[in-house]
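Got some structures for you, see below.
Both complexes below contain chain A, partnered by chain B and then by chain C.
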Partner chain A sequence: MAFESGTATDYRNLLERLRVFLTQHPALVAAGQQWTELRWVSDAATQELLLRAPGLAGADDIYCGVRSYENPTSGYYMWDLNGSIGFSQVDTFYAQPGCLTGWLPMMSLWNDATPYWFVANGRRAVVVAKVSTLYQAAYLGFILPYTAPGQYPYPLLIGGSMTGQRGRRYSVTGPNHRHFVDPGEDVQNASSTATMLRGPAGAWLPFQNTYSPTTESRYDSARPVWPGSYAYLSVFREALDGTYVLMPIVLSQGNSAGDHDLFGELDGVYQVSGFNNAAGNLIQVNGVDHLVVQNVFRTSVRDYWALRLA
Partner chain B sequence: MAYQTGTAAGPTPLLDALRLFAVASGWQELRWGPSGPSQQLSLRKGELIFHLRSALDEALRSGYQRVTGIFLVGSDQFDPAQPWNNQPGLPRDPSKRIEAVGLYEVEGPCTYHLFSSESPVQLTMVAEVAPGVYHHLAFGQLVKYGDYPGGAFVSGAFGSSDALTASASDYIFGDTQDLHFGLPFNDYKYAGGNYVRAAADGFDGWWSVCQASPITGKRAISIWEEGPRSPRETLANYWWSRTPNTLNGIAPLLPFYVFLERPDGFFSPFGYPAHLRYLNITHHAPAEVFAIGPEQWMAFPAHSKNNKSGVHGYAVRLER
Partner chain C sequence: MAAFAGIVAPGSAVGEPVHYERARGISGYRPVRYPFAAADSVSPLAGTRGAARPISEPQRRLAGARMPSFADDWYHRIHLLPPRIDLGNVISPIVRRLEVWNAHLQEQTVLAIEATGADGLALSGPPAPPLVFGALQSRTYSFSASHRGTPAINAAFTFRFAGGAEMRLGVTGRRVVVFGIRPDWSDGMTERLEWLSEVLEAHDGSEQRIRLRQLPRRSFEYSWLLEGQDVRLLEHLLFAWGARIYCLPVWTDGSRLLQDVVAGGRQLVVPDAAHSDYHPGGIAVLWRSTAENEAVEIASVDGAALTLTLALGQSWPAGTRVLPARLARLDGTTGVRRLTDTIASGRCRFTVEDLGASSAPEPGTVYRSYSVFDWPPDWSEEIDVSCQRKLTVIDSGTGPRGFDDESGAPQLGRRLTWLLPNRPQITAFRQWLAARTGRVHPCWLPTFTSNLQVSRAVVSGGSGLVVRNTGYSRFVTAHPQRRDLILRTRLGTFFRRVTGAEELSAQEELLSLDQPLDVTVTVDQVLQVSWLELVRLDQDAVELFWETDGVVRVQLSTRTLPS
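Right, the complex of A and B next:
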């Protein structure tokens, strides 16, 4: 897998760097896991990047995309995140085959210097960006499914850090502005969240742990993300010897139609305690560095996750 | 020898079967001999020392109910001059009285399943004490999070003196279909039937895996510890209620994570048994073998499938 960190000059430069990283990083090229650029359009107002990831053995076709745009008057600088099941040369970013429609998972960035961390393999990419004192994040690609490949061949997750429906400024607070690891929306069981999974039947499934713009209440939603759905995460601290323990993050479903599933877990992304911890810390697990990330602006014990930097 | 099945006529033959299996699996027999009307057994592997005793309508100690089955404890050392229940470093309550875990209700012949694993060491016995009713004993070493003293564990279907009563206090999530009798690392029970050995925060001894009122004075929790709302949310609840997968009928396994309660009220992750997992057994028959890639596991109900324990169960790693 490949890892890169640095500081982009602004939200557009960040996407330019991601483009180069995914398509040219030596570690990806050496493994035959570099992503293929299908469309790159960059004009004064927008950028549009559509990509195909090859999987770990070059046998997959995983379609993801990022589109940047801005509204300086309203004060937002965005990345829209999307995924599809194919690529159409003639269709727009928002009309690719089988893609997400409506409010997409997003990253709310800014037009200023942006420290970033990129991690990728042939199946998925994760982006973490620091905007002022806040953290934004994205997950583009496959999860690790709890099924045989033939049973669930296209487990595509598009994860962001904002739904966009209730405002897009990076300073927005509330359940619409949460990372894909512990997502929310300010209406119960809403379909616009920062965590969208293409399910086994081909439908895009929204995941949500919290709602209510004032309290960010937790509830047993149709599709919670485990273990973030567990309120008692707030009482977990580090191990006795001071090391931090990682837990998998699992996408689950239990809806009124009788479907109940543990679809699978995120790749290289884990829940970690925030007890005496801080965003930007590096913790070693089995000799590998993991970046500690806070959920946007939140800094309580339960609001941290870790990204494997390898 | 990593797996064996057979039948035993009662508690002492059952304990003898475990003894022979343990020795064949590389455990050192420290003592096997009479203890009152029954037999006592002490086993060692590396630094781990465990003691067992068969019981024929006997109580562990005064004040506890009489049981028929097997008691299990762990200790720090073996003193051949002392009986099984007075060894150095046994689990004890604050009044220094012994506490144990157990496999009871062995009233007649039963079928047993014995499992041995390494890295880390674990010995497990599951007995079908009545048609469709399964109880377990497991002991060994947890996979520890970090480097610190301790990590031994004992797990039983029962505590020192425990009754499997169908009262509301025995429901994990408050519903009758969610009874959880005998589940390994069941922290929903008061007192509990599981202990882990740890030296931390000025305490060097056995931590009781339980919901409240730790019988040794120190509490550990696992995946069933209830959350603050109704329906009771736990790490396991969200897992259990989302399995087996609608897509393919598979119920992913969940480790029995163990956390230790610290003086500040927070919980530190401590470890988990490597060869024992929680399992929703909706699509598994008792003692059914199933594969996960190259691994084989055997499924068991926590007590009795679709009866007292619903579809709550567990899987033991099978090596043969």
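Right, the complex of A and C next:
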């Protein structure tokens, strides 16, 4: 798997670097897992990047896209994130086959120096970008489903850090500005969220853990993301020997019987305790570094996750 | 990195300006008005924004451990889906889908797929090994089973991977052939149902009965008379298939197709399906001759319509015989008598392998928590009654003999014959028989004889029954084996218990009933008064003798129990 970190000059440069990383990174090329560029449009105000990921064995076709645009007057510089089940040359970014419609998961960036971390393999890419002292993130590609491919062939997750329903500056605080690992929305069970999964039946399913713009109340929604939805996560600490436990992030769905169905877990992304921890730390597990990331501006114990840098 | 010009606005750094100052040369103050003199303020300070971002932050290195999850169990292995295939009865070609998924995050190579016992089975689809499965790659194989091959299918397909890993797909099932030799109805056909029970009898005649077998064994026995090609076919069938499992049409439950059915159809409409041996998961046979027949599997039975699991292989015209079928083995010796060089007769006996239980409730009214079976027997054969005592003779040989009547009551045994003239009655009788489970479960059975003769009208509300004196009050008087009666009248049938008896005269005696009749019955309205006995079967095996495919003769032995 490929990993790259550096500093982009602004949000447009960040996308240019992601494009080069996904399509040309030597580690991806060596493994035959480089992504194919289907569309690259770069004009004065916007950029459009549509990609196809090959899967680990080159036997999959995973369609994702990023579109950047800005509004200097209002001060926002955005990436819209989307996924589809195919590619149509004649259709716009927002009208690809089977893509997300309406509000999309997005990243709210800025027009200034942006440290970033890119991780990718043939199935999925994860982007972490540091804007001022905030962190933005995105997940594009397949999760690791708890089923066989024949049962659930297209487990595509489009995860961002902003839902887009409200103000979009990176300075927005509230449940609509949360990472895909512990997503929220200020209206309960609305389909606008930073975490959208294409379910086994082919419908896009929203996942949410919090609501209410003032209190960020937690609730066991129709589709919570574990363990962010877990009520006692705020007292979760490191182990007695000082090591930090990285917990898988599992997408679940409440069913009518009162318990939960599990779709699967995110690849290389884990919940970690923020106790005595800080964004930017590196946690080493079996010789592999994991970057500690905070959930946008939040710094409480429950608001940290780790990204495998390999 | 952008650099912007800026100013620092004048503020408190300069200090509060003096609002009044004393004018030189005069004693007094004058106000100072804006703008101040340049000397009162400092010049704005120009600044630039430095390119300090990104700010480097102190970074710590921590140790961690990853929490295992279901993904650790589910991934990092090879999955065969489904992990085993049970074909059931292969009576027509079957195709199933097999998914082979390399759930390792690294590629795996299949070096070979080894098959054992795979006669008539085939895997197809992806290229032949050696074949590389990429990380998380899944391939779908098509698994097909032909109905030709070994009778018992116990095959294994082993996927041998580089590195030594093996995955084994077990396949089980069986193939059956239709035993299409039809019976010679001149001899009828015998169906035998055998339960198994143990009866432990106490000194006083009471008993404990234990059911030992979950389902009754079932067998069919019939004769045939064949000619020409059919004889040769039968001989080869017996020679080659021998003791294996046959698909035996249940000849007693046959009917005919009312309409043509075409190949590819999935529906059969059979008259009288409710009273035939069709059941979901079972087999039906379309039969035109010994050689020309087809077995199909039934998915569901809905009224007269049978839905098949697979489409029909060929078309059949209206009038074709349709029969339910059971899997059966030939039991014992099958004799073939050659009458001429082309004609043969013989008799065969099949034991059924796929037994089923009757889930239907037993027919009949319930009296004192046991059902009453009041179907009159066939009087063309007499009812034998035996009265046996549990009598022990103590004979030392030298002195007088001693006798001990252990239970103090006779055991009445009866032998009854029923003739069941139509299919609904046969079905009801089977349900009654299934509820008996051999000797285990008793029921009420009238004696079917006129045991008492009513001599006076029974008034409504009266609880006494005056009958001709037969010595009941003198000898019997509500004995536990002889106190329930069935009173058949023109106004209805009544079940009553006799609670006491009293001799009125030499001609009449009065029986007290536990419950009065609610109608007035005159003497000439009484048809028959019979004792009602709590009986159980005195045999675990019952033979249904099919005179034709719609008429059954049954003979049963019963014995009474204290009620």
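Structure notes:
Keep this in mind: the second predicted complex is superposed on the first by the 304 of 310 C-alpha atoms of A that agree within 3 Å, B and C clash if a C-alpha of one lies under 4 Å from a C-alpha of the other, contacts with A are read in each partner's own complex, and residues count from 1 in each chain.
The working rule: a contact is a pair of C-beta atoms (placed from the backbone, for glycine too) under 8 Å apart; a residue touches a chain by one contact, two chains touch by 3 or more.
Just so we're clear, the structure is a prediction, and the values are computed from it rather than from any experiment.
Superimposing the complexes on chain A yields a three-chain arrangement in which chain B and chain C fit side by side. Shared-chain residue A:230: touches chain B; no touch with chain C. Using the contact criterion defined above for the overlaid structures, shared-chain residue A:262 touches chain B and also reaches chain C. For the superposed model, the angle subtended at the Cα centre of chain A by chain B and chain C works out to 50 degrees in steps of 10. In the superposition on chain A, A:272 makes contact with chain C only, not with chain B. Judged by the touch definition given at the top, the superposed model places A:239 against both chain B and chain C. Residue contacts after overlaying the shared chain place A:283 against chain C, while chain B stays out of touching range.
With both complexes placed on chain A, chain A has more residues touched by C than by the other of chain B and chain C. Touch criterion met: A:144 reaches chain C, while chain B stays clear of it.
Judged by the touch definition given at the top, the superposed model places A:112 against chain C, while chain B stays out of reach. Taken over all C-alpha pairs, chain B and chain C come no nearer than 5 Å in the superposed arrangement. Shared interface residues of chain A, touching chain B in one complex and chain C in the other, are 146, 148, 151, 238-239, 242-243, 245, 247, 250, 262. The touching residues of chain B, when paired with chain A in their complex, are 145-148, 198, 200, 225, 227-229, 231, 233-235, 238-239, 241-248, 250, 252, 257, 259-260, 262, 264-270.
Of all residues in chain C, those touching chain A in their complex are 1-2, 51, 53-55, 57, 59-67, 69-71, 74-75, 79, 81, 99, 101-103, 105, 107, 133-138, 140. Interface of chain A with chain B (complex): residues 146-148, 151-152, 200, 220, 224, 226-227, 229-232, 235-243, 245, 247, 250, 252-254, 258-263, 275, 301. By the touch criterion stated above, chain A contacts chain C in their complex at residues 7, 55-59, 112-115, 123, 130, 132-133, 144, 146, 148-151, 238-239, 242-248, 250, 262, 264-265, 270, 272, 277-278, 280-286, 290, 292, 306.
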